[in-house]
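In what follows, subunit A forms one complex with subunit B and a second complex with subunit C.
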Partner chain A sequence: MNGSNGSERILRRFAASVKTVIAIFFLIPLVFTILVSVRPEAEPVTRGNIFFGSEVTWENYDRALIIAPWSMHYVNSVIFVAGVLLAQLVTVTCAAYAFARMRFFGRNLLLLIILLQLMIPSGVLLVQNFRMINTLGLFDTRIALMIPYWGSAFGVLLLRQTFREVPIELEEAARIDGANLVQVIRHVYVTNAIPAYLAFALVSVSSHWNEFLWPFIITRSAEIRPLTVGLNKLIKTTDQGAFYGQLMAGTLIVIAPLVLLFLLFQRQFVESFARSGIR
Partner chain B sequence: MRLRSQRKPLVSYLQPYLLIAPTLILVLMFNVVPAINTVRDSLYKPARGLNAAGKPPEFVGAENFRDLFDESHYLGARFLRTFRNTIVFALATVIIGVPLGLLLALLLNQKQPLLGLWRFAVFYPSLLPLIGAASIWSFIFSDSIGLANAVLKSLGHPGLNWLGDRNLVLLSVIVVNIWKQAGYFMIFFLAGLQNIPRDIYESASLDGASDAQQFVALTMPLLRRTLLFVIVIAFIFAFQTVEQLQALGEGGPNDSANLLLYLIFQNISERRNWGYVNAMTIVLIGVVLTFTLSNFLLFERDESN
Partner chain C sequence: MNRLCKSLVLITALALLMTGAVIAQDDIVIDFYFPSATANDAEGIFQRYADTFEERNEGISINPVFTGSYTDTRNTILTELQGGGAGPDVAVMLSIDLYSFAEEGYIVPAQGFIDAMDDGGAYINDFFPSLMANGVDDMGNVWSIPFQRSTPILYYNADLLAEAGYDSPPTNNAELVEIAQALTTDDRDGLLVPVAGGFPIWMYQSFAIAYGRNIVSDDPTEVYFNTPEAVAAVEFVRSLGTDLGVGPAGGAAWGDTPVAFLAGQAAMIYHTTGNLSRILDGADFEVGVWYLPSGPAGDDGAGYGSPTGGGNLYIFDDGSKSDAELDAIWKWVMFLSSPEIQADWGATTGYIAANATAWETEPLASRAMEYPQYGVARDQLQHADKEFSSYATITIQGIINKTLESILTGESEDAQAAMDEAQAQIDGILAEYK
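Take a look at the complex of A and B:
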């Protein structure tokens, strides 16, 4: 009865092989990135053994490391991502509380204005935001990198929804105990919304870690440019001579942290990304 | 107990506004005002002719838009080709990527050995920076030593110029995008599948419905909302993902694989094209806005509780 007849079994076999084929197709790029990164540059995959060259070598990593100041880019990416997230946590928490639990004149209109961010994302406003940063005199600064992301309509929506689910009696009890607004937000709402904060943080960190166009346009100095811009430099260097070994080594240097983070927090990542769409 | 509102009326009146002020100001500064400026600047052209430097831009009405949609104009030809590419790119992502995401979700929804590994295999591309993903594929598509051609040559085919042939570059860019997004789409379908109560299936199979019948009669109707949602975000995403072009042919020979936002990016420092760049941005905003609004109209309404 439960699918054990012949045609169902064939269907299941078929599903399993489809799954395997797709998974292999999806994994091949990563596997070859790793293989090419430790393969001698003089031995392209078209020559000799397709998987391994004559030896495993780190020389591609050595050369990739010379082309861009990766450790500096690492620090810059961490500062960028953390600077965005910390500011967002403050702005988003305040706004979410106001929209979830306060009654005030113009509430719906103001929420609608904030939601405009979802309809006109700053990513498509490259030209005018570039101009805005220049007007503010912030070109080529860390602030310029981060400031367009400090407000997050997605975060406000996510936490407003979560805060609304916190029983109002908890706030009333805290108020009776003499808690002020900051204490109420911190001890009643934030503590009861940790999973939502984690979801928001994972989405925020992973999207800004991967940001390229904006940092590329708005900065000039390597001292503040993030990893993706360093990778771009490596791509442009590689274009001329097709040194794919060093390009793959550099690519791995850039993507490793998020892939490792994902391996550690697989379940949370999947849940967070799912929530990021539900809005 | 004295009520707070009686003690500090003004402060408590202002409180909500102070709490939302940071977010509101940032959204005004980096979304609303720039959008308004885009509209304004799309109606102007930088001053032309001798001694143009320092002169204010001239108002030209809709001329920038007319030029963009004029095949004989130097930028219009590029814009039209790029706009067509962007639509093909978005449609291909939706038509191939969304069903693939659904298929993956169906395959990986049940408990099975190595579930974590399977999910990693299909989801990791969506975590990579676009430019990193493109960098990986630039090797696979590389003319002389790339993996794609190594496979073709072993099959006796002379190999293809994936990133140099004007008929192939867009296809290559589409393949990369589908590879990158399918796992992300899968996440939403998995969430949608998990919201379907198990007992529906149990009673269906007690009634003798096969897996295929259950899929058609139960799963698909119950996933309809998720499906619509994923289609909408797939379109919105497709219009904003362009960074991969940086490593995959930079728009291809003759803009054969250029995408709208990348064309804007390429012209950002061209002063004479300032009006056009803003007009192109208006077109892009128009498209994104249409899809996001339809998203809100389709879904926000019945989630208002």
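Take a look at the complex of A and C:
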């Protein structure tokens, strides 16, 4: 064993321990949420054992479950994020191909405008978006929930970069073999950009799953409102002070599917993020 | 690609089919927006009220819509109205939202409806006068009707007080400080006043009133934030966490205060009556409730005082609604503010039922009999005063909160100077309304 091997090992160990510490830091909120959710409401964490109360209780879940029709909200959230994602996949693919491979007047200016959209906070557009939806007669419908998200500047930029890395020779070969535009996009570009799509899907799903303001403003019927609106009922207890146990139970109910999804597909997600260059 | 397109079309079609509830055509539909600020199933309770109401009033159907917190509710309604939407017919909003909505012409006064009643005087006089203060404009017109109201009171751990030899709660600031100091230990605060966390104005107002002068009057163009009373009040609150050492410096956080009290980590707290049910049900010790102790304005009770808070019923009309619709709207408002519903709502949620008759009505009557603490909260109303509200309420409230916070945390050492500066800023804003 020589010296450089030894120092390399030390370095690797050091990196591993740093990673462990960071992982623990990231885990703390989740662990804390779980612990508080099974702690009796009358026992704040500042008193007694910081990890567990006098008993493990499900009463916070029982109360949280009563306050909102969660199963209905789940269905609504799934329809909402799926409806957004499916439309986005179509729009960003088309736009990304156009910006990556087509030449047309004003291409860079258009791209710049799309880039600008990333910098506008959506809250600013609330009233205007509402006005448009209302004029279209779509107020309080599922479609109104989704429409503003059907385009995605982030998705266009991400896929444009990925498409540009696909060798142009592949497209030329496909053309010679008689593929039309749709077939080229489908077989040459989409197939080669699966990791990017997966990364984009993850970002899209998790961000819309957590979206509150727009769904809240544009819907009135409980039958189409997503999970975040249900969670809102547990948060806003200002006339009574905080109910931390109940709040944490509700939070876990809302995030559970995303956490499970991530745990199941962890390896794939991490790889696709690494390959698509998002960190 | 093809399959993707097909499923897209399918989903779109499905989504369109699933939207909107079918309502009988002849019914007048009242859109009722309500916030929720307690941990109750407000949606379920309002649905129950709506069902009862619809049974008794053929041809009117109620559409209750949950609109989040008070702030969410205000923003939702403003977005909808500014964006050309229909908006609600009736909404529960903070009692202090009056001027923001009246200025824009979104709401109409309840006064017209009351005048048209046979016994309008009896209806309106049944409400506790201090709860009406924020719903009446400077001309004496009633705009909004009290619905879910609350006011700060003193909660004390009677067991701890008895242990230390105190048989009765403090009735003035001197006794308050004495008892709080006697009950402060290493792991227990003697007194928690929730003024930390961005919204100190409400609790602060009770001290300003106890010192002899509220920071608002009936005139929405006047604010009195730099008077000697106002300054002395904030200095007293600050001293609780510094010189007197009975609570954390800078005050306690709103949400944590009742939790600490229930856990025995605080002997006395200032908090809202909205919490009464939760605290009575959750405590494993004897809970005492008393008026907020009186300040220098008078030990004989003249120095009692607390602001009121909570939500009122507002009627929305831009002038386009028919008489039949307005009639139905008023029926719903009357129903929600009736002793019957107020008694039920008060007993279920802990809000103070807003009219005197409700307290003789079940289920509140027996609840108040069982827990005399409810009666104390109600009786304090005779000493209660107006909650902060003026033109440009939100902006000015923000200035006051920021100033109070900087004084309480010690960032601004000279309270008078900071409040003079805030007052000048406020006067500048209000000048254009005079």
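Assorted remarks:
The working rule: the second predicted complex is superposed on the first by the 205 of 279 C-alpha atoms of A that agree within 3 Å, B and C clash if a C-alpha of one lies under 4 Å from a C-alpha of the other, contacts with A are read in each partner's own complex, and residues count from 1 in each chain.
To be clear about the criterion, a contact is a pair of C-beta atoms (placed from the backbone, for glycine too) under 8 Å apart; a residue touches a chain by one contact, two chains touch by 3 or more.
Here the structure is a predicted model, which means the values were calculated and not measured.
When the two complexes are overlaid on their common chain A, residue A:I147 makes contact with subunit B while staying clear of subunit C.
In the superposed model, A:L264 makes contact with neither subunit B nor subunit C. Of the two partner chains placed by superposition, A:L109 touches none, neither subunit B nor subunit C. Of the two partner chains, subunit B is the only one that A:S206 touches; subunit C does not reach it. Put simply, more of the residues of subunit A are touched by B, taking subunit B and subunit C as the two choices.
When the shared chain is aligned, subunit C comes close enough to touch A:E41, but subunit B does not. In the superposed model, A:L118 lies in contact with subunit B only, and not with subunit C. Of the two partner chains, subunit C is the only one touched by A:L89; subunit B is not. Residue overlap on subunit A between the subunit B contacts of one complex and the subunit C contacts of the other covers 44, 46, 90, 126-131, 217, 232, 234-235, 242, 244.
Those residues of subunit C that touch subunit A in the complex are listed here as 1, 4-5, 7-8, 11-12, 15-16, 18-21, 31, 35-43, 63, 65-66, 68-70, 72, 75-76, 79-80, 82-85, 148, 150, 254-260, 262-265, 271-272, 274-275, 278, 282, 284, 310, 350-351.
Touching subunit C in their complex are the following residues of subunit A: 41-44, 46-47, 63, 66-68, 79, 82-83, 86-87, 89-90, 126-131, 134-135, 139-143, 146, 182, 186, 216-217, 220-224, 229, 232-244, 246. Within the complex formed with subunit B, the residues of subunit A that make contact are 1-3, 7-8, 11, 15, 18-19, 22-23, 25-30, 32-33, 36, 44-46, 50, 90-92, 94-95, 97-99, 102, 104, 107, 110, 113-114, 116-132, 147-148, 150-153, 156, 176, 181, 206, 209-213, 217, 227-228, 231-232, 234-235, 242, 244, 247-248, 250-251, 254-255, 258-259, 262-263, 266, 269-270, 273-274, 277-278. Considering their complex, residues 1, 13, 15-20, 22-35, 37-38, 41, 100, 103-104, 107-108, 116, 118-133, 135-140, 142, 144-145, 147, 149-150, 153, 179, 182-184, 187-188, 190-191, 205-206, 208, 210-212, 229-230, 233, 239-240, 242-243, 246-247, 261, 264-265, 268, 277-278, 281, 284-285, 288-289, 292-293 of subunit B touch subunit A.
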